[in-house]
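The following pair of complexes shares a single chain, chain A, combined with chain B in the former and chain C in the latter.
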Partner chain A sequence: MILRPQINDLKIIGFSLGKLICALGFVMLLPVVIGVVFSEASPVFDFLIASELCFISGILLLLLCRTQTEIDWMHGMIIVALAWLVAAFLGAIPLYLSGHFVSFLDACFESMSGFSTTGLTLVKDLDHLSLTHNFWRHLSMFVGGQGIVVIALSVFMIKGSAGAFRIYASEARDERVLPNVISTARFIWLVSIVYLVLGTLVLGTVGFLEGLSLKRAFFDGACIFMAAFDTGGFTPRSQNMLYYHSFLLETVTVSLMILGAINFNLHYHIWTGNRKEVFKNIEMRTLGITLLITFAIIVVDLLRLNLYPQSIPFFRKGFYQLISAHTGTGYSNLYSMQFVREWGNLSLVGIIMAMGLGGSICSTTGGIKALRVGVIFKSLIQDVKQIMLPESTVLQQKFHHLKMIVLEDKHVRAAVVTVLLYFTLYSAGAICGMFFGYPFLESLFESTSAAANVGLSIGITTVTMPSALKVIYILQMWAGRLEFISIFVLLGFIVAAFKGKK
Partner chain B sequence: MIKKAQLVIFFLFLAFCFARTNNCFADELSSGELIKNAKEYDGKTVSYEGELIGESLKRKEGTWLNIHDGGDALGVWVPVKVAINIHYAGGYKATGDRLYVTGKFHRSCSMHGGDLDMHAHKIITKEIGRVRPHGVSSYKQDLLKYLSGALLCLLVIFLILQKRQKLI
Partner chain C sequence: MRIKTIGSSVLGIIFEILFTVFIMAVFFIISSLITLARVWVFGI
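And now, the complex of A and B:
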């Protein structure tokens, strides 16, 4: 039996959503600073309008939904699921006002792609887009990567620490580096900003050495950092990484993509000197193994096709796409058409596998995640061992993830359910792609890229693709980023509103 | 005898033309054609025209230009010996120069780490770029005014209520 939601439930959701929207309004003022610095008047107006719309809708919700009741798990899940949709919608306003999007749907696609750190793009004439709008595209990745809720928790206190944790955990993350969830949120931002400053310095210097002007080198450096560390994949240039023609820059971005794909808790262990954890952690080990397997697949195919006979081109093209795919970033130094025309089906399958698997949990990557793969594999080993040993033997399998954990059925069940849901999502998108006339492998590639929040494109994602497919990819990006549960709770809430008992 | 010589010259001319057409594509090609048929054009001399976008990237042995033809942008490597005269690079504030490039196309350039690129032999500026005017439209100005008014009213109400009830 499900109960019909009460008016107070709506108030709790609306009140917290109001706070999140106001936080977004503040974030939208950052591009205004960039616009003023680079003397871009019209974009400044776009962001002031969007920011004011955020504040108006946020304050209206705060006024209409005043409540003192604490958030429970259901509310937390619904708030987060809605917050990401609302953020994508409001974040699309300044993009649409730029005039670089054919429709508001395209701007919403871009915005969702940014917040979910996917990197698929529908911007028209990117090379003439203002720096202010470009900064927003990348900032949305930085904000989305760290978590919209993390921002709200850092800026506004959500009533009660239990409520704060519920809303925080609903955003597909459960790391509590510090005892208090609000302190954790602030710590996440502190670490991210330290990395941002250092990353921008390194990338800016590399850009300057590779021929960019100082101002542009550091602007592009900051943008690339935000998109690489948050495994997003946007760049301020239509050619993506190809614009820079720089092996050095690609090497730096590889390091950033790997950093971004690591569990945030592991970052904390590394920061506090516990470097051994890197080698013991099941996630890191699984990540290493899946990386080797997928790389082997790509190597075999690229060697068979003799596409890159020399070692440096082979590494730059083969390994770079793989790291980009496996970390869920989506940076590319190839044209989409080259995937279709030059790469073989086997290497495409390797890339699809890498995209689908993703990085670590509690990181900015999407996809199935290494921990789940590791847990399922451990459970398989346990089952095989159990069969081979005498029946009376009680076997206990353990795995190391920040601490030694005894493998239990609940771990395996949770991992298998999520993996199945991801497979369903990848397949559903691929079927929709085929429905619109795209070939199977290309549909699967693009669908996996959207659902695993990667951003590599085989050429389907263009302004001219069917609107329905744009909507499907938006939903895939949303579901993939939030890892399903909060979305199911939202759907359940809607069903309960109509069919629940009073 | 003269007729035979004429015939030989004619066939030699034909052979020369044939050889030239195998290695050189006089009409400009689009980025789409070049990327799509990269294997076919690999190592051939091609012509390509488009707008210079983004800053040119100066390196020791030459300069990288990125030229967009409306479909996609290609990287063009310009060795030091090839003369270039850039007035405007395309971006938010300017439309870049329209350049006509003749050069060797590479599907996977061994000199540049496997990039798909063109090595320019000759660059002609077809059209000098220009500054792009960006005024703030009146509807945006009006919209901002109305929204500011509405926000101010809401803020006042919110602050009064907050003071009364200690909302947050």
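And now, the complex of A and C:
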């Protein structure tokens, strides 16, 4: 039996949503600073308009839905699911005002791609997009990667209550680093800001050495950092990483992509001296194994095709695409069509597998995630051992994830359900792609890239693709980033509004 | 205590960066060995 939502439920949701929208309004003021620094008058007004709209709608919600009631799990889930849709919608306003998007839907696609750290892009003439708008594209990845709720928690609004934890956990974060959720959010920002400074310095210096002007080198450096560390995949240039033709820059971005794919909890353990955890952790071990397996698949195919006969191009092209896919980043030093015309089907399957698997939980990556794969594998080992041992034997399987954990049915069930949902999402997108006339493998590639928030493209994502497919990919990016449960609760809430018992 | 925490964090950052370099090195060595093996073993 589902109960019909009360007016107080709507008030709780509206009140928190109002706070989150106001937070977004503040974030939108950052590109204004960039616009002033780079003397771009028109883009500054685009962001002032968008920010103003955020504040007006946010304050209206705060006034209309004023309440002191504590947020419960259902509210938390619905707030987060709606917050990501609203953020994508409001974030699209300045992009659309830039005049570089064919329609508002395209701007929404770009905005959702940014917030969900996907990296698929529909911008026209990127090389002439203002630096202010370009900065916003990358900033949306930085914001989305840490989590919109994490920003709100860490900066100024929701106190460290049970409600705060509920909306934090609803944002596809299964773990908190510190006992207090506010401290956790702040630690996530500490790691990100420290690496932002370091990464921008290194990338800016490399860009300057490669021949970019000082100002542009550090601007590109900051943008590339935000997209690489948050495993996003946007670049300030239209040819992605291929534009720079720099081995050094590619090496630095590989480092950042790996760092972004590491669990924030693991960062905490490493930073506090427990460095052995890296080698014991089931997630890191699983990531290592899946990276080797997918690399082997790609290697076999690239060798068969004799594409890169020398070791450095072989490493630069093969390993770079793989690490970009596996960490869910989407940076590429190949043209989209090279995947179709040069790479074989087997290597595409390897990349699809890597994209689908993703990085660590409680990181900025999307996809199934290594912990779930590791837990399912451990459960499989337990079942095989159980069959081989005498019937009376009680077997206890353990795994190491920050501490020793006894494998229980609840762990396996949660992992299997999420994996099945991801497979369904990948397949559904592929079927839709085929419905619009794209070949199977290409549809599956693009669908997995969108749903696992990767951003590598095989050429389907263009301005001319069908609008319905754009909407499907937007929904896939949304569902993939939030890991389903929040979205199912939102759907349940809508159903209950019509069919629930009073 | 605070100095110790900052020191530990700096060491942690250095460790993480070295760890990513280690992963790259492993895959670079594998790539090099594969390309060498192709020439030496298969002669192509």
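Brief remarks on what is shown
Methods note: the second predicted complex is superposed on the first by the 500 of 502 C-alpha atoms of A that agree within 3 Å, B and C clash if a C-alpha of one lies under 4 Å from a C-alpha of the other, contacts with A are read in each partner's own complex, and residues count from 1 in each chain.
Basically, a contact is a pair of C-beta atoms (placed from the backbone, for glycine too) under 8 Å apart; a residue touches a chain by one contact, two chains touch by 3 or more.
Keep in mind it's a predicted model, so treat the numbers as computed, not measured.
In the superposed model, A:56 makes contact with chain B only, not with chain C.
Applying the stated contact rule after C-alpha superposition, one finds that A:314 touches each of chain B and chain C.
By the touch criterion stated above, A:48 is placed in contact with chain B alone, chain C being left untouched. In the superposition on chain A, A:295 makes contact with chain C only, not with chain B. Using the contact criterion defined above for the overlaid structures, shared-chain residue A:193 touches neither chain B nor chain C, since it reaches no partner.
A simple residue count on chain A separates chain B from chain C, and the partner touching more is B.
Of the two partner chains, chain C is the only one that A:275 touches; chain B does not reach it. Of the two partner chains placed by superposition, A:414 touches none, neither chain B nor chain C. Of the two partner chains placed by superposition, A:3 touches none, neither chain B nor chain C.
Residue overlap on chain A between its contacts with chain B in one complex and with chain C in the other: 310, 314.
Within the complex formed with chain C, the residues of chain A that make contact are 194-195, 198, 251, 254-255, 258-259, 262, 267, 270-273, 275, 278, 291, 295, 299, 303, 306, 309-311, 314-315, 318-319. Those residues of chain B whose C-beta lies close enough to touch chain A in the complex are 32, 35-36, 38-39, 53-59, 63-64, 66, 68, 72-73, 75, 77, 90-92, 95, 107-108, 110, 112-117, 132, 134-137, 140-141, 143-144, 147-148, 150-151, 154-155, 157-158, 161, 165, 167-168.
Residue ranges of chain A in contact with chain B, taken from their complex: 40-42, 45-46, 48-49, 52-53, 55-56, 59-60, 62-63, 66, 97, 127-131, 156-157, 210-213, 216, 237-239, 242-245, 247, 307-308, 310, 312-314, 316-317, 333-335, 337-338, 341-342.
Interface residues of chain C, counted against chain A in their complex, comprise 5, 8-9, 11-13, 15-17, 19-21, 23-24, 27-28, 30-32, 34-36, 38, 44.
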